[in-house]
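So that we are looking at the same thing, I have put the structure below in structure tokens.
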């Protein structure tokens, strides 16, 4: 297990993070955006785990648990919003929600 | 303590007037009038006491002062102090204050309470500027007077009032903030030198700065005051503000607010940075002279009466600036008299123009014409003040301009000549006013009431004062003298920093060496 | 007695105040009571002082009354103080007496005018200012009076303010003289800077102590003062305002633009004669200015059709004589001519006023004629004055005063033969235009009927002045005609004696003969062209060159034309073009730039989440790049 | 620790109370009592400080001061929200639970001394804010605001977490104190991970502070969210983050590592310029205030960059002034709002002075304070900021501050112009009926805020003393 070098783990996390970010930027459906966010958050969590393993501390994994929790909270609020938005805007396209600008 | 009372009376009167405005329109006026009059009387008492006291305590630092700790963490004090210079300007402040209340009696009918609130608070702010010797307090008052002035223009002004008010505010704010930086730099430099945090004028006087820093910091102050003064090329806010302001606003702008700029130059720029000011004097004086001529020419080009008078201020304040940077006794005294006389003569002109506008609803000279026959007294009065403003001997402005130029001549003959030509051009605009507005055939069939008792009550004292200043300015000059000597003493170059010993020798007695060929 | 001197300006000032404040409410009777009465009182005081000065002169022949210290700053200490010596006493006397007569005349002349009280207010203010000018013991007080008279001149020229042309003339007068005043103020600055005082006697004393003859400072100061004098006295090159100034009421022209104010320049130079003595080149300039002016103005006078403009050019020309005299150091001669000129020129104007008034405000002499019979008293007084002006030998004052100047021009150490010749030519011209005027107006057939005849208050002053125009000359006569020196002697109490130069074959009697000859030639030419062969006069102007020359002289040698293009129009043009203040464009430009930036950055706020997220991502990436690579 | 517990308890109690009996008034009172209790408990806790509560939280004078500030601001928000919600239909009571939770998050933030508590506080705050922004979900703008806030905040939280992970990977600790020790120890460490980590943390912080280039959500969320919520976002959420910023960077000295200082300078300058420019001709008052808040945070960063005790004092003092002012400004907006829409268009304020002089006066004071005009707290605050900048000779930043604040003045004046426009120009389009009656609570709060504003503006010494004492407990790097 310890044979995985840290920078490789971080690289993986980074790639995941970038994927999530790309999804955030290119997807227009709100649900997909929420999923992309999940990926980003989990990528950060992964980075914590990798970092924790470097120092042989449990801290990284503990943080990951916190991240999971908070991500769940966020998504729950997010989904509630998605429902309301669908009701008001009749669409899940985020670009529709751009009435305020300028 | 009396200094605090002077301010508090105004502040309280302002608030009272503001509330009284909800009851009726008379009370605010009465309250304001009484408050300013009380202050005026107090200031006169101070003056008369002082004229004897100067001889008794020649070594006294200030005539009167109050010093309270305000924000100890920053070494800020609530420190008001008065010398001859501030005393005279304060008397002028209250005088014009009274006039402003009176002149607004009829003109202002909307939001009377709030109007007088603003009026009183402007006066209080101006008072603070003239009295503060803690630089933080000075800056505080400096900024404070802008807001009510802004309201005065923006609410009770004429057609383009919003534009004018905003322009006024932005110009003065930007320059004020530059001054803030300058103040702070001075403050921190002083702290580095002495380990003491202090905004106190006397403490900061001896601060040693490198020539480069001194120049920059001096410019920070200079620009703030130059904008207020206003000096060419920072003058463009002034015609708009003056033109659009209600009469009382114009009077206070021209009579007092501009003077705060000159006061700042006198009190701070030169004494705090003698070497830098000295090095900068040729530039400042050149700009002053450009302002004199430019202002006069532009005034000549205007057809709006108020705008015309506004540009004359640019011209007249050029003399004041010139006198200040010539920095010898003659020029300084000239600048002072010039300030006071300009306050009165231009103030009166604004009142008259305001009166005309009230009656005819226009400020365009071509629409007036031939008013002499219908309003002879008003016309005569206007003639009087127009003549005062072109420096007719026997009236206050002349003494100011003559002394200024007499002093400037010692410093630079060329600039004196150009400035004298500026006076010549001033004749053009003054005569243009008389010709266009008063003389000529009454083609528009004007039939309007002449000056009433209230207006005469304003005009006659102002005429008398101008005559008094023109024929016997000695009491004013004598009051200023000790203060001026003190300022000149401060402004002696710092021995430590004088790089070139010859400069010091030349600057003996505060006299700057000649600048040739400017 | 002398301590009453402050009353001389005080009476008119008081009257001015009364008229200015209550003028409109006073009755038509009360106005002249104040207006004329105050001047009468001043005249009485002047006469008393003169009398006292003659009988028991004060120690040192001068007296100073200090009222109060005006300003006391840094060694600059002018006082409100009056200085009496022969010069100021004489001039004050002339001013108040002639002034009184003209005021008296005005009481009737202006009676019908709606601005009756205003007129007297201005006139009184003028007399007060003029006396202050004359009596002030320092140059600053002199300057106060100087500007005061300029102001009154302005106000009175533009007295009939409804006509914009009058306003234009008034402004021109004020501004042109102020050009000179600017030079004069510079002179004051220079004098104070170098000598540390403006008190005239001290100043002269200091100048003698510190400056050698020909010192550049002295020359500069003298030239600058000359600038002021030239402006006020309508000499080249600032003479253009005076003919236009005739737009004012005729008594004004008589008092201000003939008898008194315009000679202020003469007074100034005489007052500071020591300075001019220290600056021979400047003094020579005075002489040259005088000579040139007297010739040029003489030619201009020849062509004018307007009676008052003729007189105006004549005034310019006569003051040219005075300048010439000053320039050659003939101080008392200049003053002598000042006095006689005050008499006859005031009278000419008053006479002209009578004529104009009786002919429905007609100014054109060619529409007049034959008035000799219609207005006999006016004719005789006018003739007396005219002869005096032209210098009718032996019996007129003008002959003596002008003859003295001309002789002094030759005989003075500073004189020159060219100047003398110019002066003699001047006599010819004077005689020619004077008699042209007289012949055209009073002889020939009647062209415009007389509708109104002057009353007593108008004619009494005329008669008194006519007498003075004749007998005034006997105060000082050449050696071969009695050799009276009372005027010169009196003036020498204040002014130095002229230094004689080599006479070079000329004698005074010869010089006077030339003057007489010139006078006669002028008289004959006038008779020939305007009585005998009127048509010849028209033939003269028929050819192109004659017409051009006529036009050129008529327009005062084209100087107005030149000034209009060189000074007036450019300033008006600049003022008009820059009405909106181009400096303001800098600031509006800044405002526009800011607004432009606003429009730019505003586009970034698209309202789209993905764009926002891209912003965050881009920012993060850039910052990461910065911390990694910088 | 007591205040945190009280706030937590209050949230639970309010929630329970709602489930028992829906009463707006009751919910408000419970909330207020809870907040007041928490506020006063600060004095009980004060003698025990400084105290490290688990590795995660440190309760020192600094934290207490900010807690007090946050609790007081929350208190005001609650009162404003009460008046505001009285005009609204639908469920109102839950908002108070959310507010309490958000306050809890903020309080945790200001006391946090560890990445975990930092993250937790932030998220607790954020999640509550999403819901608060979108609270009036019957309208479109709040929903849009909520969604925008959620997506972007979550994304930035991801950046923040990733940054934290990198720092952790580099240094092996997540506690500020230990980070400081590591950094000062000069232990050999590669910056390849640390610096990007810091940069990403800045992203997270910058998002909450709404500084350029992380600012773009601000106007939309400010506009969309209900006025009291906007007030809360503008004050409490930002204030807590500034408190954390100061503690985190000042205790670890990270801002002097590599080019981090440059990054902050860029952010500050860009924020001042963009914030002020964007607001220039804006016609929506809430958006103007949003843009101006971007600029104001730019100003704060100037002083932050100056470093040292005095800078920390300046920042803290400025925040106090900013809290008072912003609450006041949004307070005016919220009392003028009605059941259908918020009073956020400039035209809503046209001629207000002639109809509601006192309210217009209060708004004027707030605007002047934002503009930094004397007699108001904003003036003194700005003075201290500039002084801090000047003492460290940050001339470029200070000049930007000055020039942009003059630009900023323009839009404050635009609002003032509207306020004082003569009534004739408005026509009869705005009848008296269009104005809701002021809620009593709202008026008292606004009056109190104005008095406070002027008091601090005229006699700032007491507040300054308190700030000085609080900041002195900060362990500067």
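For the reader, a short list of remarks on this structure follows.
Should a chain be cited, it is by its letter among A, B, C and D, assigned in written order, with residues numbered from 1 in that chain.
As a convention for this text, a residue touches a chain if its C-beta (ideal position, glycine included) is under 8 Å from a C-beta of that chain, and two chains touch if they have at least 3 such contacts.
Source: prediction; values computed, not measured.
More C-beta pairs in contact connect the chains of C-D than those of the other pair, out of C-D and A-C. With centres taken as mean C-alpha coordinates, the chain found closest to the middle of all protein C-alpha atoms is B.
Subunit C and subunit D, compared by their mean Cα positions, are separated by 78 Å. Distance between chain centres (mean CA atoms), subunit A to subunit C: 96 Å.
Inter-chain spacing, taken between the CA centroids of subunit A and subunit D, is 26 Å. Look at where the CA atoms of subunit B average out and do the same for subunit D: the two points lie 42 Å apart. Multi-chain contact residues of subunit B (touching two or more other chains): none found. Touching two or more other chains at once are residues 21, 24, 33, 94, 97-102 of subunit A. Touching two or more other chains at once are residues 602, 605, 607, 609, 613, 617 of subunit C. If you check each pair of chains against the touch rule, the ones that pass are A-C, A-D, B-C, B-D, C-D. Across the complex, subunit C meets subunit A through its residues 602, 605-610, 613-614, 617.
In the complex of the two chains, the subunit D residues touching subunit C come out as 147-148, 151-152, 155-156, 159, 192, 195-196, 198-200, 202-203, 206-207, 212-214, 216-217, 219-220, 258-260, 262-263, 266, 274, 277-278, 280-281, 407. Only residues 20, 24, 68-74, 76, 80, 118, 140, 143-144, 146-148, 151, 154, 158, 161-164, 167-168, 170-171, 174-175, 178-179, 181-182, 185-186, 188-190, 192-193, 571, 574-576, 578-579, 581, 583-584, 586-587 of subunit C touch subunit B when the two sit together in their complex. The touching residues of subunit D, when paired with subunit A in their complex, are 115-116, 119-120, 123, 126-127, 130-131, 134, 137, 140-141, 143-148, 150-151, 154-155, 157-159, 161-162, 164-166, 168-169, 172, 174, 193, 219-220, 223-224, 282, 287. In the complex of the two chains, the subunit A residues touching subunit D come out as 6, 10, 13-14, 17, 20-21, 24, 30, 33-34, 37, 40-41, 43-45, 47-48, 50-52, 54-55, 57, 59-60, 62-63, 66-67, 70, 73-74, 77-78, 81, 84-85, 88-89, 94, 97-102.
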